[in-house]
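Next, two complexes with subunit A in common: one pairs it with subunit B, the other with subunit C.
This part shows the complex of A and B:
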């Protein structure tokens, strides 16, 4: 009896090791040597099938575990490969690469200063539009809206985030760019100004929905307590709910900024693609370039050093957005922990 | 009830008694002035919408003068009237009012606004834009009115009004975009446009390959992402018994979700393309879109599975079922509607992604991917390893072609794309509301 059991679990262990081992080798070879070994793949598939038939529970658990590592694996792969291809651009002269003012493909001088500045201007403008409107929409949806309206407003705001950025870019290009050109009597179409407006609209739903969650997460009894003291609803919201939700709202703002910073197609279609600082430096009515639009517009026909520099730009973008989203996540989880305890 | 009412009227009285009688009269006067100005603006904008050349230069300068005068009076009034500490919000409100009046003037030069696309004197765009600014103006004005009259109840109404307007504005923009696209695009949409490929020789345009390409991309992405995402969620909620594992996966999924789409494109370009065929392929696009869909699937599935009551699990376990059996037969079936909703919304979002597939999966004017044929072997994997066309990329390609591109085709493509996204969102929302009504707990 005991022998049978040990043999059984021995077979199980061997099968598991075989399948997991071949999966590991298959994956490593694919990542490192760019080869996909069909035999190892077959071993993995049939091994899993056999495992499923005989040891369904543990096979399922193992598969689920592997699935749960998938997001981390992808993120890691992105980080590693962007680093491998993009780091050389930083290596030579990192300070010049980030702050220098020239990007000349023909002269092979690459520095990201104007693009970083452009990203900052455009994101700042977008936040100026999205933050006040997003937060006050969140307050309305969470606190003032009746239930039936809320069930309509929330999907509508979600839909605002769902309209493809290329459509935003196209409509913005056709309507907004030329409209702005007419009204302000300027001779160019793609300035920093027009994409800021569209990006503001695009970042708004992120801010609104995350801020709404944060406001909603504040326990109702806190506000009820204030109401019982005779204040109006707005006073209760202002003095009790909003201060408690403030960190969540900050997280929403950070996420919105990250969205605006990483948005690609709308900016690419609306901006002027001039890789130099505007002069004077705050002139938002000059054509410019952001990090994302630089990559999107130039990667298609870049080669050699240019690809390296563009990868560097991508790496920079990835790191900034990563820091922003981790920060906002930390703020959010602190908020959650506080309310769970209190 | 009675004492509370008394209290409120007491505070009102106390509040008002701080201001002198003249002060109160001046306040009312200011309000009436602003009211009149609002009425003038309303009628002017209506006139402007009907007859764009109505505003003459003199009228503009007169109105500008009046606005400046009233604004100045308002500011002086704040200084003179309010013996008590005037809240900063009063100044901000009058300031925003002046700014919005200024904006109306900047945006209404005497020719009126004629947006490209539609011509003629009375344009729907003009009406929309004047309405937009009127709403802002009216909101600011009403806010001022309410806020000025200080009692807390009015302040509450003012805030309610403001927040309501700030929800309306983005929704107005959304509606405007959709309606405008429908107006412009519906002229092009014919059965041929949707069901056939472009024939450059005969000058016919059709987006069938792009539609099929987009569908193959999102179907592939779903096939890759859903098992992984749901699996991860099941592991996190049912097996992982340590908090940090959940935290770690949550953080990585968040990071993946907020990673810019162009970075996904770059990653596909350096990682997937050399490992698949060396050139753009449908498969690479599917995998990258799956990577973008994955975090959303994990998040919504985790939420859905957590929402299943523990009684379900305990009941099944008490009957002697194993953990996996419980998950497969009890937990997953009762959380599937929520998961489907999340995935549908996610698909709606990735269907329009351009930046990631631009580098790794698409080329314009390729044929529709042919996975099936009428003769043996009936099913081909070949299209997975070749380029496709996709709706968002088609739109971008037309934009890039500049003057050579057909603007009609672009509007038609944009319309089809929006309808596709709306379809997925609508389906998701229908599933969600149906499920909310009929769920078993």
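This part shows the complex of A and C:
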């Protein structure tokens, strides 16, 4: 009896080691042995199947563990990859790489200044459109809208987020670009202005739905209490509900900014891909380039040093988004703490 | 089910799967793979579709051997493969960019790298020594044309000198009234192609003499695709661009150029000064498999069917054709 038990746990340990080992190799080094992968994959599949039949408990536990940790692991692997491939671009002259004004592929001069500036302009423009509209519609839907209108507006806004970005890009390229050109009598397409509008519309559902959730989550008794003191509904919302929901609204804004900053397809289709600073520097009717559209439009043709520089741009973008989301976390937790004390 | 049965079953299954994967892998080896420029793609993919469908000699519409003085009773691909003593094989053509094709052929990921610009122009940083492994095969010619918005053409701006083209893309001429052939008071919108693309590289070489030219500040917009350049020209009333010759129409007509010799050329002329060869590169010489496929494209049959009739591109002259055929290994 005891012998049988030890053999059984011995088999279990070997099986587990085999499956997890193959999975780890498959997961991290799948590029290295391309023909070998199929066998590793089979070991994982059959090992898991055998494990499921004989040791369901521990297999289920392990599977759940792998599923939940793989997102974090993938993020880590992406970060490592980007850092390894992108860091060399910063090494030579990091200041010039970030603030220089020239990107000339044929002469191998790479600096991201104009693209960083382009991303700032476009994201700022998009936020200018999306933030007031998104927060207003969130307040309306959460607090003022009658039920029938709410049941129509909420899915409509969510559907707006579901439209593929290539469709936005197509509409922007075919309609908006030439319309703006005609309307403002500008001599060229692909300025910063048109993508800002489209990105504003694209970031709108993110801001609206997250902000709406935040406003909705404020306990009703707080607003009721204010109303009982004789303030109007708008005063109650302005003085009680919105401040209470402010951390959620801030998170919504930052998520929206992240969306606008990271959006690629629509911008790539619409923007002019001119890798130079506009002059004057605030001229939003000049053609330009953003970090994302630079990578998207040039990686296909790139070789050698250009790939390195584009990876550097990717790394920079990754870091900016990382800083944004960490900041939003910090703001959120601070506001939450204050809210709890107050 | 006990563990022994299960283990046995899985062993059998693994064996079957590995055998299938081996078979697929082996077949994968028999395929001739090409990838690269979207400009060269029409020629390569048309040739590949003829090759893969392998029409018999009785199908004189698709394999008119006798019309081109070829005496054989074999089907199309069988014949061209047999010239090198090979069995027929499949050809797969991918579509990306010149630079990608050139990189892939060097890395051994494909057998043929399609490129619409010479390797030395695509990789100005590489030395002649590094480039020497690229074996060039010119399969046809494209002509780089300049196209303008319809309104520009109608206003009479339909002949440009080389200096004017230079001036427009360098930003020195910013209004159509600065062009000698017309009096059209409208800002110029200069439309370029994505940097690094074969079209952009050859534009710089043809007009400015080098891909490393700087100060092309006149370019307002760059697009990654010919279709987008065409669309932009149609949607505006002030544009000039250099889309591929397939992307010129009545809505965005071509203009004539006055070149350095003082003569006026239209894009239909044989002597159009902005020609560019279309390449299919092999790596470190040319294997028999590659040569069989390339010989078909370079033959009278291939030039006529895949280049002249099949696309808007232009055939090699007889002397060039002979020179290109000479570069291939001798037939058996």
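What we mean here is this: the second predicted complex is superposed on the first by the 296 of 342 C-alpha atoms of A that agree within 3 Å, B and C clash if a C-alpha of one lies under 4 Å from a C-alpha of the other, contacts with A are read in each partner's own complex, and residues count from 1 in each chain.
The rule is short, and it goes like this: contacts are C-beta pairs under 8 Å (C-beta built on N, C-alpha and C of every residue); 3 or more make two chains touch, one makes a residue touch a chain.
Owing to the predicted nature of the structure, the values given are computational and were not obtained by experimental measurement.
Engineer: Please indicate which partner A:287 is in contact with in the superposed arrangement: first for subunit B, second for subunit C, both, or neither.
Structural biologist: second
Engineer: Touching A:178, do we find subunit B (first), subunit C (second), both, or neither?
Structural biologist: both
Engineer: Given the superposition on chain A, which partner contacts more residues in subunit A: subunit B or subunit C?
Structural biologist: Greater contact footprint in residues on subunit A: B.
Engineer: Which partner does A:25 reach: the first (subunit B), the second (subunit C), both, or neither?
Structural biologist: Once the two structures are laid over each other on A, A:25 reaches no partner at all.
Engineer: Is A:274 touching anything from subunit B or subunit C once the two structures are fitted on A? First, second, both or neither.
Structural biologist: A:274 contacts subunit C only, not subunit B.
Engineer: Taking the superposition on A as described, I'd like to know which of subunit B and subunit C A:201 touches: first, second, both or neither.
Structural biologist: First partner only.
Engineer: Return first, second, both or neither, reflecting whether A:53 touches subunit B, subunit C, both chains, or no partner chain.
Structural biologist: It touches subunit C, and subunit B stays clear.
Engineer: So, A:161: does it touch subunit B (first), subunit C (second), both, or neither?
Structural biologist: A:161 contacts subunit B only, not subunit C.
Engineer: Have a look at where A:300 lands relative to subunit B and subunit C in the superposition and call it first, second, both or neither.
Structural biologist: In the superposition, A:300 touches subunit B and subunit C alike.
Engineer: Counting contacts the way the document defines them, which residues of subunit A are shared by the two interfaces, the one with subunit B and the one with subunit C?
Structural biologist: 173-174, 178, 268-269, 300.
Engineer: Spell out the residues on subunit A that touch subunit C in their complex, using ranges where they run on.
Structural biologist: 35, 38-39, 42, 46, 49-50, 53-54, 104-108, 173-174, 177-178, 181, 187-190, 268-269, 272-274, 276, 287, 297-298, 300-306
Engineer: Can you list the residues on subunit B that touch subunit A in the complex?
Structural biologist: 4, 7, 106-107, 109, 113, 115-117, 125, 152-153, 155-156, 159-160, 162-164, 166-167, 169-171, 173-174, 177, 180-181, 227-232, 234-236, 239-240, 245, 247-267, 269-271, 274-275, 291, 294-295, 298, 322-324, 327-328, 345, 348-349, 351-355, 358-359, 392, 395-396, 399, 407, 410, 414, 417-418, 421-422, 425, 429, 433
Engineer: Using the touch definition up top, name the residues of subunit A that touch subunit B in the complex.
Structural biologist: Interface residues on the subunit A side: 30, 34, 36, 56-57, 60-61, 63-72, 74-75, 77-78, 81-82, 84-85, 132-133, 136-137, 139-141, 144-145, 151, 153, 155-171, 173-175, 178-179, 183, 201, 204-205, 208, 230-235, 237, 255, 258-259, 261-265, 268-269, 292, 295-296, 299-300, 310-311, 314, 317-318, 321-322, 324-326, 329, 333.
Engineer: Can you list the subunit C residues touching subunit A in their complex?
Structural biologist: 1, 3, 6-7, 10, 13-14, 17-18, 21, 25, 96-100, 102-103, 122-125, 186-189, 194-197, 201, 204, 211-214, 217, 219-224, 228, 231-232, 235-236, 238
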